[in-house]
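Multiple structures follow.
Same chain, two partners: chain A is paired with chain B first, then with chain C.
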Partner chain A sequence: AQRPSQQETHIHYAQLGTDVTLLCGSVDQDAAVTWTANSTDLDASHLNGSRLVLRNVDLSHSGQYTCYEGPSWHVKYRVNLRVGLPPKEPIVMCRSNNYPNGFYCSWHLPSPTYINDTFNITVVHDSKEIVCKKEMPPKNRCYIQFLQVFSTKKYKVTLTASNPLGSSSTTISFDEFAIVKPDPPENVVAKPVPNNARRLLVSWQYPSSWPDPDSFPLKFFLRYRPLIIDQWQHVELSDGTSHIITDAYAGKEYIIQVAAKDNDIGTWSDWSVAVHATPWTEEPKHLTTEAQGAETTTASTSAFVVPPTTRLSDSDVTDR
Partner chain B sequence: MASSEKPPVAFQHPGLCHPTIYLLRKMRSDVCSLLESYVEKQGLDANFNLDSIDGVPVADAESWGELSDAERLGDNLKTYWAFQVLLDEILEEQRSNLTPTDVAFHESIQSVILQVSALAYQLEELMVVLKHKVPAKELESTKGSNGKGLFEKKVRGMKVLQELAQWTVRSIRDLHQVSKSLQTDNIPCESRQLTQEK
Partner chain C sequence: RQSIQQMYDLTRYLEHQLHTLAATYLNYLGPPFNEPDFDPPRIIGAKAVPSATVDIQEWHSLNDNARLAANYQAYSYLLRYLRTMDRATPAALPTLHHSLAHFSASLQGLLGSIGGIMASLGYSLPTPEPSVVPQIDPPTFLRKMDDFWLLKELQTWLWRSAKDFNRLRKRVPPSAVMLHLESRGF
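Coming up: the complex of A and B.
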């Protein structure tokens, strides 16, 4: 049916699984009308007089519905149906990875709503509301500058998620120290130590996001293991950004990671990117045949033997 | 002091800041455990809102980054003098009526009092060595809890310990800031503690 004309498009929101009745604008209940869904004619079974009735709607019902009034069959009403859900309780998390400058809060919904949601966040500390500067991408994050540091007063963050089908909010409260979590150390490098078959030199840098290493020094946690063993070995270092592993198995490739934490407060960072290295091994000498024969016998007896204390287990790597 | 001169004596002897940071770390750990047992023994809730309690030096600071060394050290020194008095009051209240028979608990309070006075002594010495004016010591008892009921005394004690724990974190950073600002022989404020776990 050719029914040209421009007509304002209305928006109608409906909750998933409900029945929806669309009115043809202001026409009488018993006026002669026809409806299309995304330009496809809908048969009369969906009509209740001039109203369109959609049962137990799902996401596929979303779309543009147009009503045409007879006998000229001109467009009488156009409506965009959006099927979705009201937001569930949002999940909000706040963290300071650049202490003592400030902290950011980020949030997400536990399940999709399929329609546009808006979020409103309020941050209160010492009975004063503090501005949380929205960051463009990512959309669901904002940043708060510390106006005071070393405060025992709690921060209270309330996040409200809303859409045309409903709203829901979450409130969390926390201490300043509790949310301090640096980013992982950067530029981790592991190298063999020449002429030392059991050593590896590991070095790393402070996370670039950590603003004042001098006054807010970090401590580090190093974990390392040969690829063929599941059990990590750990060492904690209260300063410095390098360490020499002195008990590496000769000739075995190692995987190494580092984590960081403020010396006194907060929690450990995530593990850094893993790096691999194999301790130094002696260059094979170019031997005459007899010497080579003797050498081969000796070589076979000094194959890699796992010290009794080290347990070979398939269990996951247990964090520190 | 002209910058070409040798750094102050304190910083030629790397000892001064090093033990102070150690002491502060030890104190923080002891105060946190003391606070935990205090809350338990007084039957309080750890999440109790103590914001309204005054008369206790609070660690929070606005524009902390802009304080001068003299202000930092002076604020610290006055604070720990005040904590000495407040802790003495807590100990007195615990001995007299709150936990009269819990001698071990009293000793843990006493241990923190000793650490606080040792810290105050070291801060004072540092100020003298750095030629900062040492603030006047106003030690009259605040008697902040005089005339208060038992519950208020308990909650006030919790506030004192909470803020003291907070101050230890601030003081460590104040000392780092002082050593940084002096740009002198970097006081080995941290030692390399290696704890190897297998």
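Coming up: the complex of A and C.
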């Protein structure tokens, strides 16, 4: 049959698993029509007069359906069928990694809907609604600036997810201090301490996202272990951004990570990127003829040579 | 020697102590006060409790004197209220009594410490505002609401003080505290 001119495309949403009836525009129930699905002819078994009936639709039913009216078989109606689900209760999480500047809220749906969803978020604090600046899609995230600090009033965040098949919302409330979670420390470096077979010097920096270390100092949590052992050792440090590990196993490679937390509030950051280091070990002596003679005598008498204990001079970093 | 470090350490100690005390007291008040999402309106007595909440720019701009004075004024009130809570607590709860009394004594120590540092830095003490402190009456729902807000404000003030005093200990060298003491004939 000949397929004439263009026609406006309508959109029809249908829920997964339901039966769908598509009308051929305004034609009579008993008009002679044919239907195609994505340009493939559909046989008469799907027709109920001029209507197209699709049973227990699934995602594969999504697509463009076109109805042609006889006897000229011109395009009478086009409909884009979108099969999906209404949104389930969205999951929203708010966090401040740059306290006290502000916090962001991010959200997602627990399961896909297969059609376009829109999200609307409202943030209320002390009975006032606060603007949540949305980031560009597809990032489901927005940012709220703290206007006050040390607030005893809770923040209430309500997120509504909607699509043509339905909507659902979630409300969470929290105290300002509960959502503070810094980013991990940055530039973690671990180095051996010369002439010390059991020490490692670890240093790091504040996360660059933390805006005011002077007013809001962080404390740190260091964990370290030799690669050959699974058990971590931990040490908490309330000041400073470096630490000397003094009980490392000589000659063993270590893995080290650091986490951060506000001194008073909130939760620990994720662990930093892991760094590796091996404590200092004495350089093997060069075996010259002279040395070899002396060495042979020494080697035969002591099987275990204790590395020389060097007294650290004041200028070295010492662990008081 | 009244050092800012000791004041800061005492604040951190009180912060830690209050977590336990607040949980115990709210459990004594019972539901809904001990439920995590309880967020009552702030009415009548609770309005009198000095709020730690402050505009962020304003807080940054406070000088040392203003910071210390705000803390001093707040704890003067909070301590008076805390003592009424202690007296209103039934005698049948000795443990709670002891915790409240111990905490009040420590808070008195902090108040004295703040006053000492202010004097040593040459600042005059703020005159406590004659705000109304609720009298001891039977634990009505409204009185419980006041207690709830008192504990929450106290927790927030200690959190704010820790930031204030941490900033202070970095800005004011110990010697400045000593010099001023000597110049005032201590």
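As a working rule, the second predicted complex is superposed on the first by the 281 of 320 C-alpha atoms of A that agree within 3 Å, B and C clash if a C-alpha of one lies under 4 Å from a C-alpha of the other, contacts with A are read in each partner's own complex, and residues count from 1 in each chain.
Following the convention adopted for this analysis, a contact is a pair of C-beta atoms (placed from the backbone, for glycine too) under 8 Å apart; a residue touches a chain by one contact, two chains touch by 3 or more.
Computed from a predicted structure; not experimentally measured.
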Quiz item: Does the chain A-based superposition show chain B and chain C clashing or fitting?
Solution: clash
Quiz item: Which of the two partners, first being chain B and second being chain C, lies in contact with A:E89: first, second, both, or neither?
Solution: neither
Exercise. Classify the contacts of A:D28 with the two partner chains as first (chain B alone), second (chain C alone), both, or neither.
Key: neither
Practice problem: Using the touch definition from the top, say if A:E236 reaches chain B (first), chain C (second), both or neither. | Solution: first
Quiz item: Is A:D264 touching the first partner chain B, the second partner chain C, both, or neither of them?
Solution: both
Quiz item: More residues of chain A are touched by which partner: chain B or chain C?
Solution: B
Quiz item: Given the touch rule stated above, what does A:F150 touch, chain B (first), chain C (second), both, or neither?
Solution: both
Quiz item: Between chain B and chain C, which residues of chain A are contacted by each of them?
Solution: 100, 147-154, 177, 214-217, 263-265
Quiz prompt | Touching residues (chain side chain C, partner chain A) in the complex | solution = 12, 15, 37, 39, 42, 51-56, 59-60, 149, 152-153, 156-157, 159-160, 162-163, 166-167, 170
Self-check item: chain B residues touching chain A - in the complex, by the definition given at the top
Solution: 25, 28, 49-51, 58-62, 64-65, 162-163, 166-170, 172-173, 176-177, 180, 189-198
Practice problem: Give every residue of chain A touching chain B within the complex, in rising order. | Solution: 100, 126, 147-154, 177, 214-217, 233-240, 263-265, 309
Self-check item: chain C contact footprint on chain A (complex, rising order)
Solution: 100, 146-154, 156, 173, 177, 214-217, 263-265
